[in-house]
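Each of the next two complexes has chain A plus one other chain: chain B in the first, chain C in the second.
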Partner chain A sequence: MAFPVEEKDGFAVVILKGEVDLNNSPDARKVILNCLKKNRPVMVDLSAVAYIDSSGVASLVEGFQYARSNDLDFGLIGVSDAAMSVLKLARLDQVFHIYESLPERVGRGN
Partner chain B sequence: MNSPRQQAAAPVIEVENLVTCYGEQRILDDVSLTVNEGEIMVIMGGSGSGKSTLLRYLVGLHSVNQGVIRILGKDISKLRSGEWLQLRKKIGVSFQGGALFNSMNVGDNVCMPLREHTSLDERTMRIISRMKLEVVNLSGFEHLMPAQLSGGMVKRAALARAIVMDPTIVFFDEPSAGLDPVVASELDELILQIRDALNVTVVVVTHELESAFKIADRMAILDRGRVLMVGSVDEVRQSNDQRVRNLLNRKSAQEPVNADDYLRRLTGGVM
Partner chain C sequence: MECSDELVSLTFCSKPDRLKLLRCVIRDAADLVGLDDESTDAVVLAVNEACMNVIQHGYEMRPDGRIDVTILQETDAMVFLLRDYAKPVDIAEVCSRDLDDIRPGGLGVHLIKSLMDESAFLNLPAGNGNLLQMKKFVKRKGSE
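And then the complex of A and B:
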């Protein structure tokens, strides 16, 4: 499954949907890192994620690490309950920049 | 009263009329048990009750000869090796002694199932294993060897490895055994957190009453290879069955002595 990227409000919004697991997390990783390697600020939309496994979360971690190393913006928006419970287990909810929506992120400015 | 979790869930493990023997000796005698999705089932019993034997059959370490075990709807005695491999990816096991590979450090132990069963990028595997070590409060210990760990750390490392593949079912064999009460309690909390966050089905074999009452949604009480009862914690606590009461009160069951049998055992039947 290819994960779409939408250009909105100056961000590359990577939209993850459905089940993100071992089968498709390498795709998610590739999409996220490709956007970052083009020096794009990235928001990952998790609102339609029904399940995300550790490999999916690891893709987010890797993206965040790359963004920090290269002084790029990286955040999560609309994190679904299913995704949030996985993030919380490893206390990653305290690590990622998490926003309810893209407008909330945009409203915060730089 | 059943919790909503128990009522709504589908069976993940079904054991029907399982009979197992070591030589002539019957170890499990007509055991039937169902474990539902997302619940924590504690299998409890004294030493020699057959609980660890049941666990070994559930994880496929022994072949079923009499009775049926279905895991995720599949009769495990009828699976081909490739099908077993697929099913095993959905199962995590935390063994009593940890069963860590002594020649590997903690990080490599936790990473091993990912290396065996996935083709993920090395960096991704490392992040996953470190995440799991964070979950079990072992972050920063990945370079230590198993021999350098305390008993509680070994158990936690084994737990990290058991959940590294995000399994559907996790089996624990005596998770609290040999741990001090504080560490044992922390491990119980961890089991509850993991179940709640990942909605995994958990089967715990233990003889630790306090731990069982803390984490169980339902309990199966085994005695000499038979299931005495299956019920909620409250149902077990309120049971009037004398053998269940003995277990809860930590009394050994004293069988009436048959003089002929007793003498035969002592003398080998020769006088």
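And then the complex of A and C:
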């Protein structure tokens, strides 16, 4: 499954949907890193995620680390209850920048 | 006396796309037992993580490994037996990682320990793979 990317308000918005597991998390990782490698600020929309496992979470962590190393914006928007419960178990809800909807851009990155 | 009742067992190969089937079976078994929603989500994620560890680390992503999952109902618990035929797990290396060390990967064991009430590798004769037992005490729908 390919995860779509939409351009919105200066962000590349990567939309993860359905069940994100070992079968498709490599696709999620690839899409997220491709956007970041083009120096795009990235928001990952998790509003339609019904299930995510640690491999899906690892894709998000990799994006977070790449963005931090390259001074790019990276965050999560509309995190579903299912996704939030896993992020909380991993205590990553305190690490990621999490927004209800797209934040305003503050002149950082491209 | 503790009475165990086998609910279902399934065997599948170590392909990542089989995990979705596994989750469906676990969810239905939990529903049959009457597990509440929170506990159902917990066992689905924990057993998925355990099988994912087998696929990634035991079989190193080879698609032809065999995985057997047996789900039992005890009086007060659901029990999950996960058998693989991969190289023996080094128990000393199986530990939760420091969550303050932010990096991709390594969360599976932490999630299993957090979500299950008990988890332990059972002894098997050398060269016979690994047998992981995970137990979740039952909180039924509608109970406090």
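Basically, the second predicted complex is superposed on the first by the 102 of 110 C-alpha atoms of A that agree within 3 Å, B and C clash if a C-alpha of one lies under 4 Å from a C-alpha of the other, contacts with A are read in each partner's own complex, and residues count from 1 in each chain.
Note that contacts are C-beta pairs under 8 Å (C-beta built on N, C-alpha and C of every residue); 3 or more make two chains touch, one makes a residue touch a chain.
Bear in mind that the values here come from a model prediction, so they are computed numbers and not experimental data.
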item: Which superposed partner A:Ala90 touches (first chain B, second chain C, both, neither); value: both
item: Contact residues of chain A, present in both the chain B and the chain C interface; value: 21-22, 53-55, 57-59, 61-62, 85-86, 89-92
item: Chain A-touching residues of chain C, taken from the complex the two chains share; value: 16-17, 19-20, 23, 41, 44-45, 48-49, 52, 55-56, 99, 102-105, 107-108, 110-111, 114-115
item: In the complex with chain C, residue positions of chain A that touch it; value: 19, 21-23, 51, 53-55, 57-59, 61-62, 64-65, 82, 85-86, 89-92, 95
item: Chain B contact footprint on chain A (complex, rising order); value: 21-22, 25-26, 29, 53-55, 57-59, 61-62, 85-86, 88-92
item: Chain A contact footprint on chain B (complex, rising order); value: 118, 120-121, 123-124, 127-128, 131-132, 134-135, 164, 166, 193-194, 196-198
